[in-house]
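Data block below; observations after.
To keep things simple, chains are lettered A, B, C and D as they appear, and every chain counts its residues starting from 1.
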């Protein structure tokens, strides 16, 4: 199935970039949960375009209209449904793409998958704009999780060659994450932001784009969440995280660096803390053993590919003439989507935890 | 859910390391598919323990007994069910672990998750032995996929500091993969195997263990398989790949290296090949755009953590006295599970493709 | 899960009677299917209220707004999403029901289920109005099924004591069904309609309501659709049919009358027809054996309870004072929902078949 | 999917009548639940064949072998898996059926569905023998439910023309049900059993078979279980109940008799009982409003068709010669499966409630 996700909750995302609206349904949320829509708007604004030169200049209001599931600001237990109207569309930008698939985009694969019937305008159902629905759903879930003591936050760990200071896998705190999780272009080291912005600006001036790595943490998750084999935190998280366009890798804890480690180094020693809680001295496991939470911070990283839409001329094919051809993409694009993808990663983590803890 | 997986097929895995048998059910396979059980045994033998010094000396016959779904060697359309009897168990090795959870293992998290009721013997349902069920199911699926022109193979890309030559993302062929996918300790460069074996032997002599990276490819997958958002190749593959114990990272195509790339470099230019097929000059996408196959080789890498069971004394807790303590694990263990995990990775890929193409 | 249904397609229904809109998402429809929205409107008009004295006088436009999945009248393969705006709401009619649950309604059970948070206005997510979403989705599916030779139609078999002539289980034809499946108050015998209308009018004048039985048939369904055990036609159909409010029974073929039959009478003899097709002389099986279609007409019946909203004073409780009390329901209600439920039954059958044949 | 069922638990059934064994997996049961295997055997014995002249003389031990999920008689939280060995098979009885499909059986539809590959021996995966797996799973679930105050029991309401006294929908008690739910040929009125046995014997002597109606109740289910639309008690129950071979109708509460009732008669008035609990004076709803339990007894009825295997000569086709033909079935058959189906109905109800309350 393409756009439905979840076991204990059901997330359904619909709409396209250039239709009347996009929308989202979140089924089986707990009732009687107060939802602050202003806090939801803060999250949606972090993802919204048009903020600065690092992002596309396309501006969207991104105001959700609630159709069910909320009454007087409290969840009713009915499916929480919202639509976000599309206010700013320039379909002419996309007219040519049915013939000339954009390298790195889904234009070609979607045409094959849907036998040419797919709506190409703005990427249709493949549009990054649909991540607004994830952010809405995640912003609702994170408020419910917060009342259970859980805090989620992320930052740009790397953009191009510029790197931010990584999270401390053992000591990262709710306070640390709350200092990040309402910001645009979240980083732990201000110097990193400057370096990242410079690399993005250089890419933009070259009519090119940059990729990066997002690091995300969830603290306050109790031990014992998740299940063995296919019900593990890693399985559930990655199954939704790969729903974020441009993600090409997901790793947990020490991730790929475990390849060079020995067991004696990678194993996290258990100990009792001053409160009689079992903790681990290190956290190479990223808070997960056997798919189940240890109670230590959950840590994961996402590899985000450079925006495929670039101004440079690119080699492609002409599907009408069946000849090789070149394409120069016009329209408004992000030289780097990493800053806008940070709240999306947090949102996906919140939805995944809501599903696992429901 | 822990041990049930799949949308178009349903995989159900049961049993534990120290019960009478482990077993697997694969529901909704196509009927009238001839299954060569000798070819299945070849795959199971690649995973089976007791092969050499790189693996545990525990020996298991791993002979599957078919209970339904096959008649005269042909699939009937009924659920394909098989059990694999456990012939070699030393439960005494595990008596102490309820009190002293092993660092890096699920002993502690399972105890919390299942309120102390979990079967600890041999890791119970968390045992790596259950991957024999994945290999059985994958060995069945890969025979069906082979008749549709699909070939899957993997190798040890890295163990400790020793590295094998990576697959050519564009030109990797069915012949290349068939040269690997029936071998134990599959590598593309014989010199790499020698270096890897030496590192493993050194770890073993140090009563320690090593992690690694497995690279897997699937060729012959037609363009247009998979769906946007949550039905993508990456979502489906990772949701089963993280069911392999010790996997801490999954990346596709260029994976985490996209972070340092520009769009002009990462985008794979389209062109028409001599047969009028659309191909890409490079394959940073790992054969996947928008979650949907391009027709180029599907490529992914798994980060496999070092076996947590090591002979060295380790810090842990005593859950009975609530004191910090130390643990020295006895019994038979793999200094490196990467060689045995290679056929498991291939099997998981085969099951995932069977689900996506059913 | 409450409002998400389906295996091969995913149906998601959201909204409430007194919110801005209700809506529906249908994920994984085949692409390139032409959808005639006027034909969809015909189906929605059959269910819409305000038609005559047999139904509530509440009038709704029920005009669907498509948000994705259709482009130039053709399915794109993206989730087909539509919202139907609520134009006519009298919330004051419902103010008292939080305290005095209506007998036969979900007011009390929803209050317990959702800890009092449920939206009571117009029944909230329990409103029969949400069946408009089923009719929309079914109207789309039946057009796709029609191109595969499948026709669905239903009629009022019984209302109160008035009975219509039942379908001929063997010879019911597409023509017979097409003569019914665009009508309001569909019956095979005009005399039956008059008798039914008279009973309904008598009930209305008594400030009371009537139940009935709907009989539905699907012809042209090829043999071999469905699966044993839990994937059978009966399992799948009933799992969606019980989603229609007021349905208290579902039977297939001879249904409950099999209780008094002998095997020699109930078994349907096989024979080859003039075209060399296997048929059955009788069709007590309702076109289903072992959960799988025989190729004969699929036949099922729904028991529809009398509308619980009646003008008569009824005994109920006062949940605030915890005293027994009486309730007299005001507002606009259907003396009999059977006529409006007929297109809903057809729609549910179309969605179920779409799921089974996708 | 054919043989996997459930949302909050996953039931997987495998094996066939004439393979080495049949088996069942129940995933996601709560841990630390004590399971009395003798009580499980009592339930399996109620379903087992060879009991008396009302059933087939084929004798099966039906002793389950537990492969995981139970340790020292307590659930571990791992998938509860059991196999039941097939000890008594006469395959020769079935050799002819590939050519001559039995009327009323799935021989023909399975051949079409599985392109002739289906295992016909003993009905293969369509065999009623697989209901032993349902009874095993249900016997485990009902023990867990019993600790939550829930009791389930059923009886033969009708066989042929002989009728038993129906349950009192309001006052049926746990004691009433416990007096029935360990018996073979459960009835409330001993005189009914005699009459039913006589009708069955007459059918048997005529080489014919009889159908019937099973009535089942569950008491002690708290109010508030179930969800609107597709997550209702009726949807979930019927989706598993139709997995019992020969079931052609399922109704809840007043069921099909609602057709002739008025709202003022069918609505169940609410009142506060002496303990301050909300109850209903009548229970036409069968304990379900809006798909959610009211706290009153859950009541449902199953229509069970006469065993299709009869000794009389029947008309059928010869699929090899494509000619019409006749068939006389030899082998051992039940003249009436209703008595043996009673524990299966109770088991399915227990599994459904376990899924809904997990």
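We adopt the following convention: a residue touches a chain if its C-beta (ideal position, glycine included) is under 8 Å from a C-beta of that chain, and two chains touch if they have at least 3 such contacts.
For clarity, every value in this text was computed on a predicted model and none was experimentally measured.
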If you fit chain B onto chain D using the CA atoms, what's the rotation angle, as a multiple of 5 degrees? 180
Looking at C-alpha means, what's the farthest chain from chain A? D
Over half of the residue-numbered contact pairs in common: that is the test. Which of A-B, C-D or B-D passes it against A-C? B-D
As a quick test, compute the distance in whole Å between the mean CA positions of chain B and chain D. 39
Can you give the whole-Å distance between the Cα centres of chain C and chain D? 27
Separation of the C-alpha centres, chain B versus chain C, in whole Å, is 46
Among all residues of chain C, which ones touch two or more of the remaining chains? 1-4, 7, 13, 28, 78, 110, 113, 125, 227-228
Can you list the residues on chain A that touch chain B in the complex? 1-5, 7, 13, 101, 103-106, 108-110, 112-113, 125-126, 130, 158-161, 203, 206, 208-213, 223-232, 234-236, 238-240, 242-243, 245, 247-272, 276, 278, 280-281, 284-286, 288-294, 301, 303-310, 312, 314-317, 319, 322-324
Please output the residues of chain A touching chain C within their complex, sorted ascending. 1-4, 10, 12-16, 19-23, 25, 27-28, 31-32, 65-69, 71, 74-79, 81, 83, 110, 113-119, 124-125
